[in-house]
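To keep things simple, chains are lettered A, B, C and D as they appear, and every chain counts its residues starting from 1.
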Amino acid sequence: MFNSFGNILKVTTFGESHGTAIGGVIDGFPAGMEVNFEAIQNELDRRKPGQSKIVTQRKEPDTVEFLSGIFEGTTTGASIGFIIKNTNQKSKDYNHNTNVYRPSHADYTYDKKYGIRDHRGGGRTSARETANWVVAGALAKQLINHININAFTSSVGDIFINKPYQDLDFTKTESNIVRCPDTASADKMIEKINQIRKAGDTIGGTITCVAQNMPVGLGEPIFNKLHAELGKAMLSINAVKGFEFGSGFCGAKMQGSEHNDIFNEDGSTQSNLSGGIQGGISNGMDVYFRVAFKPVATIMKNQQTINSEGDLTEIMGKGRHDPCVVPRAVPVVEALAALVLADFWLLNKTRKI
Amino acid sequence: MFNSFGNILKVTTFGESHGTAIGGVIDGFPAGMEVNFEAIQNELDRRKPGQSKIVTQRKEPDTVEFLSGIFEGTTTGASIGFIIKNTNQKSKDYNHNTNVYRPSHADYTYDKKYGIRDHRGGGRTSARETANWVVAGALAKQLINHININAFTSSVGDIFINKPYQDLDFTKTESNIVRCPDTASADKMIEKINQIRKAGDTIGGTITCVAQNMPVGLGEPIFNKLHAELGKAMLSINAVKGFEFGSGFCGAKMQGSEHNDIFNEDGSTQSNLSGGIQGGISNGMDVYFRVAFKPVATIMKNQQTINSEGDLTEIMGKGRHDPCVVPRAVPVVEALAALVLADFWLLNKTRKI
Amino acid sequence: MFNSFGNILKVTTFGESHGTAIGGVIDGFPAGMEVNFEAIQNELDRRKPGQSKIVTQRKEPDTVEFLSGIFEGTTTGASIGFIIKNTNQKSKDYNHNTNVYRPSHADYTYDKKYGIRDHRGGGRTSARETANWVVAGALAKQLINHININAFTSSVGDIFINKPYQDLDFTKTESNIVRCPDTASADKMIEKINQIRKAGDTIGGTITCVAQNMPVGLGEPIFNKLHAELGKAMLSINAVKGFEFGSGFCGAKMQGSEHNDIFNEDGSTQSNLSGGIQGGISNGMDVYFRVAFKPVATIMKNQQTINSEGDLTEIMGKGRHDPCVVPRAVPVVEALAALVLADFWLLNKTRKI
Amino acid sequence: MFNSFGNILKVTTFGESHGTAIGGVIDGFPAGMEVNFEAIQNELDRRKPGQSKIVTQRKEPDTVEFLSGIFEGTTTGASIGFIIKNTNQKSKDYNHNTNVYRPSHADYTYDKKYGIRDHRGGGRTSARETANWVVAGALAKQLINHININAFTSSVGDIFINKPYQDLDFTKTESNIVRCPDTASADKMIEKINQIRKAGDTIGGTITCVAQNMPVGLGEPIFNKLHAELGKAMLSINAVKGFEFGSGFCGAKMQGSEHNDIFNEDGSTQSNLSGGIQGGISNGMDVYFRVAFKPVATIMKNQQTINSEGDLTEIMGKGRHDPCVVPRAVPVVEALAALVLADFWLLNKTRKI
């Protein structure tokens, strides 16, 4: 209810930014899958801090240790426990925040809700948690490796890729540090982020994700619609403010006669404004969606704020923070998408005799 | 996992459009609340077909019968069973669809997923299901009546209210048939829908919802963030394509220095781009979000499609359908918001010793 | 958490003894099963009041109405809603109990827990609820009709069948009104119950249940062991005080060298003190267990008790009650066993790639 | 569904006997409790191997490391991750078992269910898992420290304490190595176990558990009856074959007139055959129950068995095993009882407005 995600394939996580370790338990993973550990570490490396000049300069190796559920390289059906040790916590960077509520962070709400807060590096609110999700998602990707999941940066601030995703070459996403498969846009985005970073500010952006080679039938039609679970997953990522799939908010301006996806004889559709999902169930077309990220709340500028006594004070970001969260969030979006799809793929084995 | 929603306060539903009845079970509702039955029926009336000229002209009284869990007008803590009888199923209007897959409906995906489909009036895929949610939501509203939840039509096609919600008078929402509290916009929206209806077409729109007088502390910070559950709930509504809260997709274009909500001494914030939620937990400011609805897929125009044998054929909408789903979806959005908030309100009683 | 049972195949129920109807929602039932409605009604008839002289003489037809999830006789994968109307509530028989706490009933605990109680006929505490379970279990039986589930009365008071179940002919269980396949014991049990009934008293007993033709692999080994879920299910039945499987409490007196089940070459075992379950997982041998029922608390004798004000008073059972709950509980035990096995059977489809 | 236990207070575990570590995540634990770490370690010490001459002579320190959810000694409301490192795995003792199915163990069922098995020391089937439960239960005990939970060995083989629990002094339970508060019986039990151990055999036994100073109102009356959850919990412990509460199996021989618990004016009852639970809800009287453990399956004697190829072979126990599991299971029973009670205690905060 709190720190778990998924139905059959369920991930339960723990860990604070500056504790000993973060980690989790992956439950319901089927037995018999040979694990590609290198692929998992590769996903973690895509998310890790310090990987380029446009992300936080913290250095954390983010090495996952699996503690159970895998025997001689193969999943056993038992729960998969794992930890990622926290190796580089410059706590002194955060000490000044002990008592002060950072604007648009969760310090205030945690304090009010729980009456206590691990303030070190954001504690449980830190996006460090998403490393756990990347581990679980990397395993899920291997389970449903017949589905291709590709996320990419589709905008930074007001710089958008002005092409449909069908015109993009996803193999280029990793060719640049902003993870935008459109090279021209990528250059502008990187420049933008650099400029923002130098100004001590931060900037928002969007990520688009496309799942291709989808089977028909994933998703449950009432309260576990495929897009509703994808939406919930994406809205769980730190800094996310919106989710749309298929035609999304644009679809709300359209008429039925232009929005309907006309069938071809083979059951595919001529257009795909439905985003590959009808009635909550995948129809075999590409599933695609877009996720909005607000600018990171920690800025290197002076801001007025209050402390836990309710006194006005000032705060100025220290430490090493991301000027734009989007490049590092790309593997997180993929990971959660993989978890949702793998869960529904397993669930679907039980829906018909 | 399939037809249930909520954690502590859980709603489980059933029912097809043209079966004997729809209904559900509301579990986890606390004992001791005196039920206002009139208020429940009033919510159902806001959703019911045939209420105005811009919605479907089907006539269904949608009277809820409570079968359990309420004794002498007060909730007992036992599960609350209820049914809404289906009284007006013109099945002949739908018989021509038996074998034909309506474009952008769920006929195809249901058939492929389950191998069988109750085709009468959309069966389980019908938005008639949302009447169940309205019943449960109306009870939830009474449970958390210290919170004010107001949804309204914020756009129809390209007609938007051009005002922040703070400038609107929510008492006017029910004063017009499109449920837009801005009377001038309402007139344009109604005219637009009428015009679309006459053309045999349909149109999309958006609903904005605002929860005021929020307590601090609702929501759980990792996988049950308040906005993630709200998003999942809204994405469960038929025809929804997107969800955003607070600054939403606009926030993705902004810089941290303009997006951060600066605290006042009392813990309130000067701006509220956070949408009343920080780290997944309510901060006491208004919670507000926007939901995008695509145009209804059933249009009164000829469309090419296929049947279950994969033969090309044509289909033309018959029956009595909504030209725009938004006016009737307003109480549905409120109902689901109330369920989410009531669930978190109950859950929050367990989070601190 | 409250009124639901099962994981994939989940039953959620509602209803009070003297409300309009009881009923429930069966969720997760796979699509494509042709329903034998007669078989379901037959199970309800085995449980219904008034079926013989040794059970309560209330007359209730207990006819189930399915409201959804079944189309043209076949399950669709949608949730199956059903109700059983309450037709024969002699409320006046119960009116004298309004304010009085019946000894060893749940009146007192309900009042203290919820602050309110539907006192009519026991309200939600009535074993009438088990009719809901019989409906769901009858469907589950059809889903896993390759497994044979047979429960029977194995003792009434101190009258026990003195034979291993292997020596019994289960086809004789329904040949007598006490549902004991050993005819000689059955006669004694019936006589015992008659004598108890005439004395205005009640008596306890045990039911043994055997599942034969079991597949290997049902059950999940840590917190969802097959026997743990069976135990929980049986302990949910009104009046149950104990559960044992395989060697049970006798096993606690034995030594390992006599208790171990030695394997045959085909994986079957020479003895079956394990009760067909090892490490929580079925091993293909018969699963068998025994359930203890206390005597019904309502007796036709004067008892001292208190009322809700804490005043001492007297109570004497009126109405029409069972002198021994065991004969009518036999189909309930089978129903719950079927639900547990069907749930694990579905779940098992997801546990191996 | 697999490795999780509890509703609000949920424990999810992982770990194999001979992996790097076992551990788990405790979710839903309320914020604000000061943790007594010494008390937790003390519970682990009660369970640990090598503590006396009548238990396995393996030496494992079983030190728990908390990784999250506790800040400066106080719970924060965040999930509590923990691990217990495996320090003493004499894998060579187990290597001879790689391919051989030990009688009445779970080797065969795991292999058949999952197609793969971590055979080292029993892997996931090892009772080492119960150390995880003891950690979680020790925290739960502190949360509900107003309730006194005492388990003790009530029989070993055919040696029973012949006294009601009311005549026992629970402070003596830890005064002897078999954990029996009746010193005379304890001596006989210890002698019995010693004799069995020398014979290379094993023996079963029972544990009785009593929860005193119970609040009224814990438990949910339909599918989460207090005794049903206690039963499920106990049946999850390795080697358990039966569970009874209150009058238990004896109650099945009794008449209503002798079984009913007559109320006193204060709501307490003169007798307590109900075991402190009526209608699934605690009534404030002592909750007590009894758990049956079979003899440990690993014996130091030659037994016929089969290997994974289905060939007949022989096996003889090696390694260091418990001749009787009961003394070390006493803290495990208490831990699970505490988890069930704490979960219901939290849940009960939501059941009445």
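The definition used in the following text is that a contact is a pair of C-beta atoms (placed from the backbone, for glycine too) under 8 Å apart; a residue touches a chain by one contact, two chains touch by 3 or more.
Values in this document were obtained by computation on a predicted structure and should not be read as measured data.
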Between the pairs A-C and A-D, the one where more C-beta pairs touch: A-D
Chain at maximum distance from chain A, centres defined as averaged CA atoms: C
Whole-Å separation of chain centres (CA-atom averages), chain A against chain D: 39
Between chain C and chain D, centroid-to-centroid distance (C-alpha), Å: 26
Distance between chain centroids, defined by C-alpha means - chain A, chain C (Å): 46
Where chain D touches two or more other chains at once, by residue number: 1-4, 8, 13, 28, 31-32, 77-79, 113-115, 124, 221-222, 347, 351-352
Interfacial residue positions of chain C with respect to chain B in the complex: 1-4, 8, 10, 12-16, 19-25, 27-28, 31-32, 65, 67-69, 71, 74-81, 83, 113-118, 123-124
Complex contacts: residues of chain D adjacent to chain B: 8, 28, 30-33, 77-79, 143, 221-222, 346-347, 349-353
Residue ranges of chain B touching chain A (in the complex, touch as defined): 1-5, 7, 13, 101, 103-106, 108-110, 112-115, 124-125, 129, 155, 157-158, 196, 201-206, 216-217, 220-225, 227-229, 231-233, 235-236, 241-249, 251-257, 259-267, 269, 273-275, 278-284, 292-299, 301, 303-306, 310-312, 347-348, 351-352
